[in-house]
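Worksheet: one structure, shown below.
Chain IDs A, B, C, D, E and F follow the sequence of writing; residue 1 opens each chain.
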Amino acid sequence: MFSHVKDLQFEAKPDAPDAAFARRLQEVLGGKWGEMTVANQYLFQGWNCRLPGKYKDLLLDVGTEEMGHVEMICTMIARLLDSAPLSIQEAAAEDNPMLTAIYAGANPAHFIHSGGGPLPADSNGVPWNGAFITASGNLLADFHLNVTAEAQGRLQVARLFHMTDDPGVKQLLRFLLARDTMHQNMWLAAIEQLKDDGLEEMPVPEAFLDAEQENQFAYQYIDFSSGEEAAEGRWASGPTPDGKGQFSYQSTPTAHAGAPELPPGDPRLHCTPPLGN
Amino acid sequence: MFSHVKDLQFEAKPDAPDAAFARRLQEVLGGKWGEMTVANQYLFQGWNCRLPGKYKDLLLDVGTEEMGHVEMICTMIARLLDSAPLSIQEAAAEDNPMLTAIYAGANPAHFIHSGGGPLPADSNGVPWNGAFITASGNLLADFHLNVTAEAQGRLQVARLFHMTDDPGVKQLLRFLLARDTMHQNMWLAAIEQLKDDGLEEMPVPEAFLDAEQENQFAYQYIDFSSGEEAAEGRWASGPTPDGKGQFSYQSTPTAHAGAPELPPGDPRLHCTPPLGN
Amino acid sequence: MFSHVKDLQFEAKPDAPDAAFARRLQEVLGGKWGEMTVANQYLFQGWNCRLPGKYKDLLLDVGTEEMGHVEMICTMIARLLDSAPLSIQEAAAEDNPMLTAIYAGANPAHFIHSGGGPLPADSNGVPWNGAFITASGNLLADFHLNVTAEAQGRLQVARLFHMTDDPGVKQLLRFLLARDTMHQNMWLAAIEQLKDDGLEEMPVPEAFLDAEQENQFAYQYIDFSSGEEAAEGRWASGPTPDGKGQFSYQSTPTAHAGAPELPPGDPRLHCTPPLGN
Amino acid sequence: MFSHVKDLQFEAKPDAPDAAFARRLQEVLGGKWGEMTVANQYLFQGWNCRLPGKYKDLLLDVGTEEMGHVEMICTMIARLLDSAPLSIQEAAAEDNPMLTAIYAGANPAHFIHSGGGPLPADSNGVPWNGAFITASGNLLADFHLNVTAEAQGRLQVARLFHMTDDPGVKQLLRFLLARDTMHQNMWLAAIEQLKDDGLEEMPVPEAFLDAEQENQFAYQYIDFSSGEEAAEGRWASGPTPDGKGQFSYQSTPTAHAGAPELPPGDPRLHCTPPLGN
Amino acid sequence: MFSHVKDLQFEAKPDAPDAAFARRLQEVLGGKWGEMTVANQYLFQGWNCRLPGKYKDLLLDVGTEEMGHVEMICTMIARLLDSAPLSIQEAAAEDNPMLTAIYAGANPAHFIHSGGGPLPADSNGVPWNGAFITASGNLLADFHLNVTAEAQGRLQVARLFHMTDDPGVKQLLRFLLARDTMHQNMWLAAIEQLKDDGLEEMPVPEAFLDAEQENQFAYQYIDFSSGEEAAEGRWASGPTPDGKGQFSYQSTPTAHAGAPELPPGDPRLHCTPPLGN
Amino acid sequence: MFSHVKDLQFEAKPDAPDAAFARRLQEVLGGKWGEMTVANQYLFQGWNCRLPGKYKDLLLDVGTEEMGHVEMICTMIARLLDSAPLSIQEAAAEDNPMLTAIYAGANPAHFIHSGGGPLPADSNGVPWNGAFITASGNLLADFHLNVTAEAQGRLQVARLFHMTDDPGVKQLLRFLLARDTMHQNMWLAAIEQLKDDGLEEMPVPEAFLDAEQENQFAYQYIDFSSGEEAAEGRWASGPTPDGKGQFSYQSTPTAHAGAPELPPGDPRLHCTPPLGN
């Protein structure tokens, strides 16, 4: 069960409106790696966690914080959308190329659909969707996803930082950059914790018996492309990170099965039959 | 530029058809973490790689291998779809609950749309889409995504392994499990290689100056949810994995900004204005 | 800013697992009219509200409650997914048609993707998406949407109530039915309040000048289909609900403009040109 | 069965082309609240209506009219797309900021995909989809949706009216504003008619027995957010609009169930098990 | 402008309900090649047609007919959904495997969302979307699309014909099969007519000057895959169907450009830079 | 199984960057008719082909070539994205309307998400999806689709050719135009070959018995729209292209069934019942 306070975790006020930047900022609200994704992903992982205790607590803590980040970015976008030129005539009236760029570079749905407010969508107006998140039930697989989610998220915020001069916007981005630093570290620490607790190991899922897989292919680098530069990497020789094997290198791929030939299908499906059928 | 041989990397032949399992197998073909995702993700990362040499070679090698995995699973699905009951009468004719389950548990589009062949879609028939992949240009962020892609993928194959008794199907899954073992190890090794080469560090992006972020929030665990169990984890005290700080723990969240109040909008947008406006 | 307590607003525990019903229950979690929709819709409406005071407070209150409803249904679904038959052989082993129905009627992604947990998707596994919600900035337009959201939601819960015999499931549905009763009443009351406060009227947007629209068409029922039964309804004669006019009835449609003829397009677009061009 | 006349219901001819406005106008053609939505929604409600007579007739009448509105907006968009600058060089050739804004603010697919014609998509080029419509079979739930569809639609047309100076475009918008006025009134009248006919009441569905829901929660406003301003509204005290109860106000939420603990899952799903498992 | 009569173009009444078949029939209503696609495609092509006369008339005629086909299939689906078992207990109560198959093989949204009515979605419940249609403005390109739309549509109807024993359903399918026969013939005739009228030729677009393309690659079959069987086909030697050239055959692909090397990106995007940067 | 060489099939290097054109070029990469579509479509058709020999070889050959086209366009887009203005200030700094147009007309996700690289999406940033392709198992139906895919694709490339002055870009487009010429011819030849081989005929599917369809409707043009211009076309009189009949013309549509009346639904679905029920 959730409760809400009206105050914000951090200030979300631009020095001046900029509807074209508001569109860009949508990427970290409703894009694949935006705040809606991390908030929902951590909460679903928490609700799906069959392990009571610190991991479930962690997931619900951080998912709840991210809901507050959604709120801050929504607030920032609403403020960036003020005072935008609504028509091409208005945009072109003054000899000001920034007005033209704001008119043409803004998201029209910000005005027509949401009346100057944020949308649950990315920087192109494509709606956020549930396939952006995964809660697999396997915490090691998911914590690795969470590391990349925070890395991709911080990368995007860093890029946005270079796309504006507005001090108020930059101040919020500084806060988000710091929280993403924390969260990258946190999920890396959680990966180590899971291993220390003896709950999971690489490769995921550890509990699947090695004997059941085709082990001859389990540590072999196969080169499917011209050039042998990949042979120089750590992934082509030496011990494997899971501590269970040695990488080997195969310079050209081998086919282990002949060309497949499919039988004629059910005639009631009216696929093209073989000649003479 | 690509070329193709008709032989398969590994055999893809079930001992018997099973259209209900064919639907399930679609998850690792066209689902979020299926072979279409890894094939396209690694190829786009390779094409987007501005760093000539072993990393670009690695990405194109493995992406090309995954195209061959798409092919094997497509072949397996086509064969699993043979001889399925097409009508409810046919399914119910014999007193065989497996026929009923196959009729009802199959994907109707497997017959109506593709005539007994695979679809670029997941186990519910939802089409694969390009938002499943990311090629951010930052290799460390992306290699972490690749680790989780292979971990989620191997997890799904392991689950599917327990959902069938068919020896031929299990044989292909054993091969895929082994390659996913290799690929998890490979991306973990590639992460270490990137660091050894001095190209990137955590937190991503390393090149963003620490001085630009709000450092007071960069290593602080904030507890937004009842229960203090999360305080016991590695992520709440001790050195941070990036080697640059110490985790601290804050047991209740602090709001650093007041409740936001938005100005009245442009009257031409006809949003509800404040009272007395 | 949000905080979270681990306790649930209401109990969410089935008496027995039923994976086929778990799939059905997804409709009111991640379907168009599910809890994810109302939670996000009310929160976005609140964040987008430029009117401080009781309306903004109302929206944030109820949006926050709905986040807790998302949590309860997620919990229920996770529990309904326990002990399901994973393979067709398992489903068919005992002579129990319910096992077959559960195998075939379940969502395979519940096992392959989320490992026995809920998904942000509808009863067919189609992901929730941001286009399900609207926060237009005009409270009267949006409160009408909220009325229908609660009506459609309660209708779906009532239908689900008849699709299960499980006492634990029914108990949670009883709670949701009651809250939907409250919320339908609440949004109807909020519509009245908005009018009492003099903030908006029908037709929305009231502030658009009547003089600007083609008033001759503003109260005219036009019959485009055979049969004149519609002429018997309240919408074809008598005073209009907005109190500003009288309905009139036109039994056959009139065309007020000739057939459009488009000029030849830009030859660089290579559209088929008119003959002789 | 439908038939078609070539004449238009109303004139749809701009005084001058404007490809940037053509993109904006797509919102009321193929956006969530556009003409494709209302046309399809009313027709599906009509085809799904199990009640012969005036309601079914009404739905099919108005759905058919809306098909003609789709046609008018398509025609307008095709005409607005004439004579647009196709390349950046062309746009920048004259010192005319409007040409730049048209080049940059247009939808490229209007030229590349449809060759200067309309698309079944919104103002960002996201395709219209079937989830935009609902035909629930319960007319009271659906008529409330229809009220908001017409209110959101008129709101969007009113906003577009302020985004152009073109007299021909404004003339078509004036007609649409008037029809949306009619249709808001019409659906409100239809709601009253349904009640007068004794067919349905609030809360929907009326036929679900009150005794089956948890009545103690059916009229209670629960405050989940800081600030008590919502307590001042009509929704927190006094009689409820359904005429069956009195609103009550609870200033802080109560949890009625303890923290959920999920049992360990099926080991074949390889979720992280509890410690010591 | 459209008008509607209540009578149907052809009877749409099953002899008995079958909710599992209703789900399957959705494919030809709201699937990629269903009636919603052809109706909308032909109408958009008509509205986008800049050529007055017989072609525009043809497109609007047939698009209007297809709207009536949407209606017939909607009606059939509503009737097929009657009397379905709503719960697993009901489905399993009698020893009737057809009831189990109907429960498990039906689309749950048919009951929960639409209350026993059709949905604008395919046989897996994935919503119809606007990207299914194309109106390119080039009639020859589009008429070829229309041929395949009718061929794919007839193929799907023929498959459905074998998936049911119901005489009433089969009767409607017989009608649709005949209309699809007509429409395949009609679009083939329209292709010939376009050429006779001198309006367009293959390859599309004819008006693009041959001199502008790299003619050495315009008639060359290049073999990118093992096996030379493709060399036996008409496409590898002899005159080309456009009458302008001769096919040639190249047994292995040639690369005409070296391996691309991308320059380092803008450092503000934080992509991984080359070593030593 | 695939392999890859680093060299490109043809050069893909612009003379100068242009981020706004990069966005436009996405249409032929990840749009409905782009290279991702044809590559995946031909490969899935090949894998789904139950007919060994020249047709399967053809499909796999050309699908593999198209993978190399995906690669060339990806490379071109990455290069076009260099040196773009990242902020509105940068775009407006010089008095250069082309910079403003590039800022406003570019796809923000090209920078924020992919760091200056291509995306698997169309010119509006909408992701490519699997529903863009069809592999029906019936080669004649699919070869007709392939003709239109190449025709729509060449049409789009021809339009893009007129949207840029860049010699390097135009050079790649010249190559693509030539290959699309070849591929249109190739699929037309394949259609003839299929008929010569006696494998399939129009109407598809030929094997469905004529006696099973309602033959009275199989060659009849029915006019559903005002105007009789369509009667002048080849499709309204004379022999039909399938060689089996004569077109006839019906100037007004006939309804062959009365208005449908649906029975009251299951009361547990709470649809509005008929009056007096």
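We adopt the following convention: a contact is a pair of C-beta atoms (placed from the backbone, for glycine too) under 8 Å apart; a residue touches a chain by one contact, two chains touch by 3 or more.
Per UniProt, the chains are A, B, C, D, E, F = Mn-containing catalase.
Just so you know, these numbers come straight off a predicted model, no measurement behind them.
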Reaching chain F from chain B through chains that touch each other, fewest steps = 1
Query = In terms of CA centroid distance, which chain is the most far removed from chain B?
reply = D
Distance between the centres, which are taken as Cα means, of chain D and chain A, whole angstrom = 29
Cα-centroid distance, chain E relative to chain F, in whole angstrom = 10
Request  = Specify, in ascending order, the residues of chain A that touch 2 or more different other chains.
outcome  = 1-9, 32-33, 50, 53, 55, 60-61, 64-65, 68, 75, 78, 86, 97, 100-101, 103-105, 111, 113, 115-116, 121, 124-127, 129, 131, 134, 136-138, 140, 155, 158-159, 162, 204-205, 208, 224-225, 227, 253, 255, 259, 262-263, 265, 268-271
Task = Report the topology of the inter-chain touch graph, choosing from line, ring, star, complete and other.
result = complete
Ask   = Which chain D residues qualify as touching chain A in the complex?
value = 18, 20-21, 23-24, 27-28, 31-33, 96-98, 100-105, 122-126, 155-156, 159-160, 162-165, 224-227, 253, 255, 261-265, 267, 269-275
Key: For the chain E and chain D complex, residues of the former touching the latter   = 1-9, 30, 36, 40, 43-44, 47-48, 50, 60-61, 63-65, 67-68, 70-71, 74-75, 78, 113-121, 127-131, 133-138
Key: chain F-facing residues of chain C, complex   = 155, 158-159, 162, 227, 259, 268-270
Key: chain C to chain B touching residues, read off their complex   = 1-7, 49-53, 55, 86-89, 91-92, 95, 97, 100-101, 103-105, 107-109, 111-113, 115, 121, 124-127, 136-140, 194, 197-200, 204-205, 207-208
Inquiry  = Using the touch definition from the top, list the residues of chain E that touch chain F in their complex.
reply    = 5-13, 32-33, 53-58, 60-62, 64-65, 68, 75, 78-79, 82-84, 86, 111, 115-116, 126, 129, 131-132, 134, 136, 138, 140-142, 144-145, 147-148, 150-152, 154-155, 158, 161, 174-175, 177-182, 184-190, 192-193, 196, 202-205, 208, 212-225, 227-235, 240-242, 245, 247, 253-260, 262-263, 265-266, 268-271
